[in-house]
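Please go over the structures that come below.
Below, chain A partners chain B and then partners chain C, in two separate complexes.
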Partner chain A sequence: MKKYILSRVLFALPTIIGVFIVVFFVVRLIPGDPASAMLGPKATTAQIEQYREHHGLNEPVYVQFGVAFKKFIKGDLGQSLSWYRPARDVIMERLPRSAELAFFGVLFGTIAALIFGVIAAVYRGRWPDLLLTSFATLGMSLPMFYIGLWILVIFAMKLKIIPVISTLGGGVSYWQSLLGPVLALALSESALLTRTTRSSMLEVLNEDYIRTARSKGLTERIVLFKHALGNALIPIVTVVGYSLATVFGGAIVLETVFARNGVGKLLVDAIHVRDYPLVQGTTIVIAILIVLINIVTDIVYGVVDPRIRVTGEER
Partner chain B sequence: MKSMLSNKFIVIGGTIIVLMLLIAIFAPLLTPYEYGTVNLPNKHQPPSSEHVMGTDLYGRDVWCRIVYGARISLYVSFSAVAIAIIFGSFFGIIAGYLKGVVDIVFSRVIDIMMAFPPLLLSLILGACLGTSLQNMTIYIGVPLIPMFFRVSRGVTLNIGERTYIMAAKSIGSSRLRIMMKHILPNVLPQIFVVLSLGMGGAILAEAALGFLGLGVPQPTPSWGLIVNEGKLYMFSAPWTTGFSGAFIALTVLGFNLLGDGLRDFLDPKLKHLES
Partner chain C sequence: MKSQKDCNQDYNGRPMTEHKLAAAGKRAPLLEIRDLRIRFPIRGGASVHAVNGIDLDLYPGESLGVVGESGCGKSVTFSSVMRLVASPPAIIEGDIFFEGRNIMEMTTREMRKIRGKKITMIFQEPMTSLNPVMKIGYQIMETLLLHEKISKKAAAERALELFKLVEIPDAEGRLWCYPHQLSGGLRQRVMIAMALACSPKILLADEPTTALDVTIQAQVLDLLKRLQRETSMSIVMITHDLGVIAELSKRVAVFYAGRVLEEALTPEIFRNPLHPYTVGLLSCIPKIRTEQERLYVIEGNIPDPTNLPTGCPFHPRCKIATEKCRREEPLKRRYSENHYVACHYPGKITGKITV
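Take a look at the complex of A and B:
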């Protein structure tokens, strides 16, 4: 098991370095000179030249890359142009807001999907199945911001139980600030997973050991949740891992809908004000998080299905 | 063909998409007003017999804008998916057929791309390239490349060792010929399934980028832009964003159903589980 975890981590290192290289060069494609952006329209040519010299912007690109890479390894992501502070500090302040949204969204989405998926599989072809699969198919087609906006209309305007702006303070409790975006995320995330759970369960329910378990006289609940769901978990883990990784895309949109100060909204704001170091930093942090989540997903596979651990093959 | 029409997902999904295409093609015949005519005294009118879907913040007819928006959104999505198919399947087939170092290098690049959520990749590419209609097809298309790469590579790996490929090799067919003549026809049906799901993803991406204010520039109406213009008035005049969002969802639903149906159709093994 230790060897397996180590191999997963070593496998991820080139990806993380690749991510840094891609982001470094892509951000340099953004039109406009960072020096004049930083100093503003009133800066003189001499000031701009001095700034360029001081920040190494006159060096060849490969030298700049070397400097930036050394800083990156030390955990330095450069200075934010719009916050006048190290980009890392700004990102780390915002990260918990996104992490809790992602965590609770995927957690509640998964719980709902497991329940819905098992019910749909058990009542296959009858109305609970049709109802749940229809909702799931519809849920996969709804844009995330659309779900979010309607939640805002219903819960903030009509029912007045959540704030329109989901920042903490001003009489807004922790859970109130989370309710809207978590609900939107969970609804959206549960759609695909409900279908995965259903088809995985249907596949397993045909197996001989389920018939054996039933004929032994075990209760239906134990057969369903222990024997069937336990064996149906592998494809489900794949999709949960996948949603944890894509959830940051959803967070970008939902944090904008609910005006929540997470990294997603930070990134969108940074793009609008052309704060390149912050765009670069936020993107790298999110991408690295996803690589780490994928490592954890791979390790969970190894736990759920010991065969994978031996061969070291994915899926 | 007959059995294809007996699949209800293909029929429902296909009908929705054909309807949307007809709406886009015959836009001028379906709209009583110009999509760009500003009529400020008439702003934020709720749906009525004159304006079936109400008017937006500049008094423009929402139905007209949605109908013309279908043209832009479908055009952007089709072009984006075309880019993704060309690059994804080209590199996927090469990686799957040549294997070895080529496969390792290509697959690593795809791994790196997949470390970014698709929307994030679109956002930073959009920030670099600038928002124009042409650029938008690129930055919506690029994040879809891994999807097509993986499918083409998988199918190619699977059939690369079959006897008829070996036979083609032994009679001295060139690599290019084998890839074009023998492998591509096997990859295409799978591409078709992914194409449908990819179209859904592209439409959602256009909408999300538009919502974030990084979509098609004014004044061309795209669904993403209409959603964005209406979002601040969601409490007082929800029809602008409400109706445009519903059109987005319906179109994506159509592509998803079609994709599901095609997958069942091409892979009957799974059929008993899904229906």
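Take a look at the complex of A and C:
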């Protein structure tokens, strides 16, 4: 098992280095100059020149790359251009805000989707199924920011139970600041998963071992949630892993909609001011997280399905 | 069509129970299936008529064999005894009495107390009948913990005993395996162990050996034979194979197109088959020689269950069918002590069998 994880991590390294290289050059392709973006329209040519010199922006790109890459190998993401702090510190400070949003969003989205999916499968073709699958289709087709905006309109402006701006402090509790974006994320994550759960359950419910479970005298609840869902989870895990990996995309949008200071908003802001190290750093941190999530998904796969348990493990 | 009144009487007009009591040596049947009819509606308003009026009794401690070609309604009939046929979509009519109580009228809750405890079933497909993500020991313990008030530890011990009872080699080591780590034969043994867990009154064995290869088949049959000798439960052995019946069952019911065509003690059926279909089935067994060897072969296929023939369901394939057979459905009647047949011309085709 340890060996397996180690090999997965080693295989992930080229991916991460590849992401670093691509991001390094792509941010530099964006038109505009960090120095003038940073210093504003009133800056003199001399000030801009000095800024460029100080941050090494006057070196040829390959030299800049060499410097940045060497630092990256050592775990240093460089000095932010728009903050007086290392990019890594800024990112680490913001990361928990995004992580909690992603975690609770996917958690509640998954729980809701499992329940909805099982109900839809059991009542296949009848009204609960039609209702839930229509909602799921709607959730899949609406963009995340649109769902977010509607939640703002309903919960912040009509019901006034959450703030319009979800930053902590100013009489806003932790949970209040989370409610809006988590709800938006959960709704939109549960859409695809509800459909996956439904179809996976429908398939499993026709299996012979479900008949065996019923023939034992088990209650329908145990048959459904223990025997059927236990097996239906196998494709579901893939989709949950996929949503976890893509959730950061959603977080970027939702943090902007809800004005929440997470890495998503940090990335968007950093792009605006051409803060190259911060853009690179944020992207690379997200890439590493996605790789880790994929590894964890594969491990969970083995827990859920004993048939594909990682080889090398003793019985 | 029989009237309602007929259902509670035998074919000679006497009350069913009294007559059957006599037949079975004064014992009341454990399970009585009365005029069971099951159909599955399909598109276009038609239905698959899977079971078309089955009457059958099972006595305590008896081993009943059920033979018939594929699709003649064996699995559906006995699954409905466990109420495992989902209705809707299926339309189920008739009565099934277990220990005198009508299963069809029981609540789901009452039914759950019977399933897995008093009546158990093992299925045709050992490879897929166990939950692939649960350890097999746990799957057996689950039944025990559900129906008997015992601790987890006691259940685990009992599961191990059951594994030994069904002769699973290296029982301790196998208890915490997953199904995919076991061969088909072993999985069927696990299914049997599971079915025996709560010492049921009735074991419904639905072609337990069909999916296994020949040597394993023999082993599993031996096991069932031993269990039948050593326990007092009634066993219904469902099979295509008259050879299996000859070995395991005291009495046979021959199914065809969702009906029972002939019912008799096993030696009697081999010695003196009355229904042309039974004669045909017997002459299909290569080891057994009939007098008209190879003369009597059943041609054609089983009737389409969405469009059953009028009259006798077997008449399109019957060599001696007459106009009467095409018009009038023969009812199952008594021919001799312990021998019943549904044919207008019973015994007209004889198949003197020497085993």
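The rule is simple: the second predicted complex is superposed on the first by the 272 of 315 C-alpha atoms of A that agree within 3 Å, B and C clash if a C-alpha of one lies under 4 Å from a C-alpha of the other, contacts with A are read in each partner's own complex, and residues count from 1 in each chain.
Definition applied: contacts are C-beta pairs under 8 Å (C-beta built on N, C-alpha and C of every residue); 3 or more make two chains touch, one makes a residue touch a chain.
Treat the numbers as computed from the prediction; the structure is a model and nothing was measured.
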When chain B and chain C are modelled together on chain A, clash or fit: fit
Considering only touches as defined above, state whether A:I295 meets chain B (first), chain C (second), both or neither. neither
What is the contact status of A:L131 with respect to chain B (first) and chain C (second): first, second, both, or neither? neither
Considering only the touch criterion stated at the top, classify A:V27 as touching first (chain B), second (chain C), both, or neither. first
Quick one: is A:P306 in contact with chain B, with chain C, with both, or with neither? Answer first, second, both or neither. second
Is A:I48 in contact with chain B, with chain C, with both, or with neither (first, second, both, neither)? neither
When both complexes are superposed, which of chain B and chain C contacts more residues belonging to chain A? B
Let me test your reading of the model: by the given contact rule, A:T15 touches which partner, first (chain B), second (chain C), both or neither? first
Superposed arrangement (fit on chain A Cα atoms) - minimum chain B/chain C Cα distance in Å: 14
Starting from the residues of chain A touching chain B, keep only those that also touch chain C in the other complex, and list them. none
Residues of chain A touching chain C in the complex: 207-209, 211-220, 227, 230-231, 304-307, 315
Touching residues (chain side chain C, partner chain A) in the complex: 79, 82, 84, 108, 112-117, 120-121, 123, 125, 128-134, 142-143, 146-147, 177-178, 180-181, 191, 194
Contact footprint of chain A on chain B as seen in their complex: 108-109, 111-112, 115-120, 123-130, 200, 204, 207-208, 211-214, 227, 231, 234-235, 238, 241, 245, 248-250, 252-253, 256-257, 260, 270, 273-274
Using the touch rule from the top, collect the residues of chain A that touch chain B in their complex. 14-16, 18-19, 22-23, 26-27, 29-31, 137-138, 140-146, 149, 152-153, 157, 199, 202-203, 245-249, 252-253, 256, 267-268, 271-272, 274, 279, 283, 286-288, 290-291, 294
